[in-house]
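Which chain is which? They are A, B, C and D, in the order written, and residues in each are numbered from 1.
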Amino acid sequence: MAGNSVGERFRITTFGESHGGGVGVVIDGCPAGHPFPNDRIATQLGRRRPGQSRLSSQRKEPDRFELLSGVDPSSGKTLGTPITMVVRNVDARSEHYDDIATTYRPSHADYTYDARFGIRAVAGGGRASARETIGRVAAGALAEDLLAATHGIEIVAWVSDIADISSAAPDLQQICRSEVDRHVLRCPDLQAAEAMEKRVLDARSDGDSVGGVIRCVARGVPAGWGEPVFSKLSAEFAAALMSIPAAKGFEIGDGFAATKKMGSEHNDEFYMQGDRVRTRTNHSGGIQGGISNGEIIRLALAFKPVATIFKHQQSVTQEGRDVRFSPRKGRHDPCVVARAVPIVESMVALVLCDHMLRRAGIRFEEL
Amino acid sequence: MAGNSVGERFRITTFGESHGGGVGVVIDGCPAGHPFPNDRIATQLGRRRPGQSRLSSQRKEPDRFELLSGVDPSSGKTLGTPITMVVRNVDARSEHYDDIATTYRPSHADYTYDARFGIRAVAGGGRASARETIGRVAAGALAEDLLAATHGIEIVAWVSDIADISSAAPDLQQICRSEVDRHVLRCPDLQAAEAMEKRVLDARSDGDSVGGVIRCVARGVPAGWGEPVFSKLSAEFAAALMSIPAAKGFEIGDGFAATKKMGSEHNDEFYMQGDRVRTRTNHSGGIQGGISNGEIIRLALAFKPVATIFKHQQSVTQEGRDVRFSPRKGRHDPCVVARAVPIVESMVALVLCDHMLRRAGIRFEEL
Amino acid sequence: MAGNSVGERFRITTFGESHGGGVGVVIDGCPAGHPFPNDRIATQLGRRRPGQSRLSSQRKEPDRFELLSGVDPSSGKTLGTPITMVVRNVDARSEHYDDIATTYRPSHADYTYDARFGIRAVAGGGRASARETIGRVAAGALAEDLLAATHGIEIVAWVSDIADISSAAPDLQQICRSEVDRHVLRCPDLQAAEAMEKRVLDARSDGDSVGGVIRCVARGVPAGWGEPVFSKLSAEFAAALMSIPAAKGFEIGDGFAATKKMGSEHNDEFYMQGDRVRTRTNHSGGIQGGISNGEIIRLALAFKPVATIFKHQQSVTQEGRDVRFSPRKGRHDPCVVARAVPIVESMVALVLCDHMLRRAGIRFEEL
Amino acid sequence: MAGNSVGERFRITTFGESHGGGVGVVIDGCPAGHPFPNDRIATQLGRRRPGQSRLSSQRKEPDRFELLSGVDPSSGKTLGTPITMVVRNVDARSEHYDDIATTYRPSHADYTYDARFGIRAVAGGGRASARETIGRVAAGALAEDLLAATHGIEIVAWVSDIADISSAAPDLQQICRSEVDRHVLRCPDLQAAEAMEKRVLDARSDGDSVGGVIRCVARGVPAGWGEPVFSKLSAEFAAALMSIPAAKGFEIGDGFAATKKMGSEHNDEFYMQGDRVRTRTNHSGGIQGGISNGEIIRLALAFKPVATIFKHQQSVTQEGRDVRFSPRKGRHDPCVVARAVPIVESMVALVLCDHMLRRAGIRFEEL
């Protein structure tokens, strides 16, 4: 398989270039009989969409999805057949991209796509565009709806760091999307958010860009999800999140900070809370041996600063000539981290939904 | 698939519990006609083996592998058929594990395996034991041999941090395994290594444990390996490395440090070096848009401290009763990081070998 | 995976119900840089389309496909990214299907879909409709174009039997699509074709239906394609062809007739034709040990008579009541075999194209 | 994947050449907590074994399997981890194979393996040997044990035809293995079996070989198993059975005979039997639209005559020279059909067990 699908039982395939007919997703393996969550999908697509504020790219496409298959028109329920959603590309000003047709933009995927395929869709970055993530978010919203409806699972991501500005940690039991969305940068620590916003605007006026960190929790995941060995929940979260454009680092639980702790500090002691096995601390981040233990799953993802900047840089042409690259100003975010929040939530939801289904039937006594 | 396989074209399946007949691996998809690298496999298994020094567990099994299939006895070459290697379990003192039969060890996988399967192999951690990684290392050594023979690729990992002790970065162009192996802790900065050793011995005498960070480079990977979107090289490295027991964090290139940089600092400018497209810096860690760009690939992996400690801890029994858990002293490493070095190399090799084969045939002009 | 994808390296996923937004296909793994064969795809879709003659269903949709992704607009070449084609549903008269909303039609998939999913798309058979095969044919035409361009491979299928009328075997070296298409029933033996047509018209006027046999050859497949053991070419052809609606039997080479022969009659002796290893006979049908031997591949597929007939039949309702089922006359073919000819060709092309790519990189010396 | 694995959730990988360390299987995805059926596995391996009678090859290996992993030693129950079984090769007289080292045996896989891999295990046919099927039978016996324990499913295959001798159909509701095994040729029609035996002995004394047909039923499969579209039960049975060495044709239900029937003859009318939807006839063979309908599943598989014969044949050498091939007499069956009976049962069991698990979790209301 050529890398455009993810998931084993809840399997999605995204398609589409940033300029062309459209982008979309096919979901194979969605359980039958679930009310199709049009609103949740639209909401998450809206949160992902550029042009939401003065901080982001001005592309004005509404990102309305068209549902091509997989839902019963009379009942509005999923059929158990492939669900296809398409979002048309309507605001494609490809003349903006003339200057990158022959020059490789530093730290973009232009050169590597050429190295791999010998051809690439020049306009808008083609398949490497963030526009590809529309399909992930549409499918992820469906996945989280299934998780919510069956297990009351809640997935919430937020921006914890922008450049060198960190924020106070929220209450992991309480943090919710409306709290996250109070500030356009999706950092629930409003004081930090203000400082972050200033940093983003400074970067913008300087033609530069910044990165940041997104953290995410999944609450309500039962113990016993995840496959041991290669398909550990932690490994599959890592793959799913590291497949998001610009991702450079991943942590589960304490992450790199765990390496500084002694075993006696890091171990999560067990206790009984009624009938339920609980841990007093949660350094593990809800996963032990690759399998969920019923505690809050918590993750972090590092995003590099956006590669598109409006400064002179050295580069080379497709023909192998050194050139000075001076991009004309176009519509681009100096910081994509806030918009990546629903993408992170979506990838987490996709992994969990897949493992909810992979869990089915693994015990003889349940067959 | 139930999580015991990884790779698409160079696909391995590991099997075996820590106590029982043995552990091993089946490799499906190894190209035919390659001289089977007995010595390289034995060497890497030797580097992975416990009992190499006073710092590690005293299990004395030699980890000699038996080759069951896939190699032509007359020529010693691979047949293109499944290659099966088995390492017998010979030193299984299962009486050591009586105390964990009914009590869940904190931050081990005992509870989560029970939550998933309703049954578990008690002795030695069963499938969650580090012994499972024997199959990975055997297969990884074959993979790196293919990479070396076809492209001169070199993969070298080392310990950069133990607990709060960091080391000086080696020369990424030069660092080699013999240099890494000069110290038993596999940290090439010998001064730091001494401090690390002291820290490990302190932890040991205290019945405690420590974690650390392993860094790894892959040199010689051509531009154009890796699939865009979900099977990005970075995503598959993340999954492969995060599937190693005790892994809690992953970085490619600058990793989390990238989030603190401005785009103008982080971008890797291109230039021509003869016919070859190069980058002046390598913040990206050799991967852009999920595809290799021909520069050194560099990764980091965070290991939590070993969960097995010899201190009293609160826990619960399988029957749901709060207990005090006081493990009898057994053979266990207070620090597994050094032994994980060949495991990290193996997982990196497995991903690269898989993508070498996935690269074949993706251009029409090459068919 | 939930059964809507096929192929490993040239992987297609079809989607869509017979009534709803549309049907289509996503192709992941198409090599980059191949001129996209619009005309070949349109031609094969045209051959699959109902309403081509008085013998078939009167649905008038033109089955024009829309290309959503994966092709470079400027060069018209494939990008190596997912190719998505959609055909809209425009002639959906769902009122025709009221009578089947609650009654299970004998030998249709109504009952079994309900047994599986607990819900089904009633109108037009939903996903079990022959309309699903549009995606297969669109993708298959692309696959055969790749096979033709790279190896000169030709795939030709024809109708050999309708009901109890058999036809003379054509020259397997020469038979071509234009010869097949001379008669609307796609039987190149025109005398037999006339008799078949009469049989079909009789069935139609009687409200009944007939089945038949399609045979297919693939010429020009090199020796060495196909994986041993479970992914034998013969096994994958069998799966691909038996996945076509109404297929009930499959043969490779002599098929069931081989069981009547002695080994000395059935064995294909080798001889040298210049540098090339050839066989004097081809009882094996071009495949030995699951791998192509360079001779013509020949296959047969049995189609049951169409389940839709206009006669009274006993059946049951969704609620579990015995009823007499008397379908109102609608638009349906009494014989779908001729229309299945391009579907058979497409499935054969998809398997071969997948194995062409799976062949890449399996020898060490070719890496 | 290189073709040595089959199944999606109950996934087996076979390994091993006919001469070498051994042959075996790894099963990934077996539900946890099932009593491991040692006896059933031994029984089916015994039925597959050569040397059972004067009609078959004289290889004397007992085919005792060694269990390496996946079963809890204390309880004898499956752990949900990979189950590995190995059968050693102990009777390997490879000197018998000198004459085939350089000459391609007609209708064997010698030439095609060379064409694919450029290398092959000469002795005993290597991976193309029937010995590979040991792993299938071991895994299949486990699969059928799961099916029996959870749903009371019974799978019974028998020989219906040898060469041109057909037998009377048994009662599909009653036929059982003990009845099948009354005659060494595994044809329950004893009169036909006698005639078949004579035909086999004649072929043997003539240095020739014969083929035949195996039929198989699966009783007790509930309605609703099987995936629509590409993973139809019928398609997956076809692939599984056509992957057995020497298979040339496959039928489900009426198979090719269905093509001669009118729709009104072939359709299976529904009726209610208490709460259960039944069909009055079973031309469909228990599968409609690729999904089981609760009736008996019935299949047929055609086996060509064994390629190994002791007559002069024309052939070519590996170096491309025409030669006369006159094999020295070795130990080989003139008819393998009877021994293939447990292999057919095993492949049917593997497909069904996989689909039992794929069925789990596909309805929203069951999550």
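Just so we're on the same page, contacts are C-beta pairs under 8 Å (C-beta built on N, C-alpha and C of every residue); 3 or more make two chains touch, one makes a residue touch a chain.
Just so it is clear, the model here is predicted, and its values are computed rather than measured.
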Partner chains shared by subunit B and subunit C (touch criterion as defined above): A, D
From the mean C-alpha coordinate of subunit C to that of subunit D, what's the distance rounded to whole Å? 26
Could you please state the distance in Å, as a whole number, between where the Cα atoms of subunit B are centred and where those of subunit D are centred? 39
Distance from the mean Cα position of subunit D to that of subunit A, given in whole angstrom: 45
Check each residue of subunit A and list the ones that touch at least two other chains. 1-5, 8-9, 14, 29, 32-33, 77-78, 80-81, 116-118, 127, 228, 359, 362-363, 365
Could you draw the chains as nodes, link the ones that touch, and say if you get a line, ring, star, complete or other? complete
Touching subunit D in the complex, subunit C uses residues 1-6, 8, 14, 104, 106-109, 111-113, 115-118, 127-128, 132, 161, 163-164, 203, 208-213, 222-232, 234-243, 245, 247-256, 258-272, 275, 277, 279-280, 283-285, 287-294, 302-309, 311, 313-316, 320-322, 334, 358-359, 362-363, 365
Provide the residue numbers of subunit B that touch subunit D in the complex, in ascending order. 1-5, 8-9, 11, 13-17, 19-24, 26, 28-29, 32-33, 66-70, 72-75, 77-84, 86, 116-122, 126-127
Which residues of subunit D touch subunit A in their complex? 9, 29, 31-34, 77-78, 80-81, 146, 149-150, 228, 356-357, 359-367
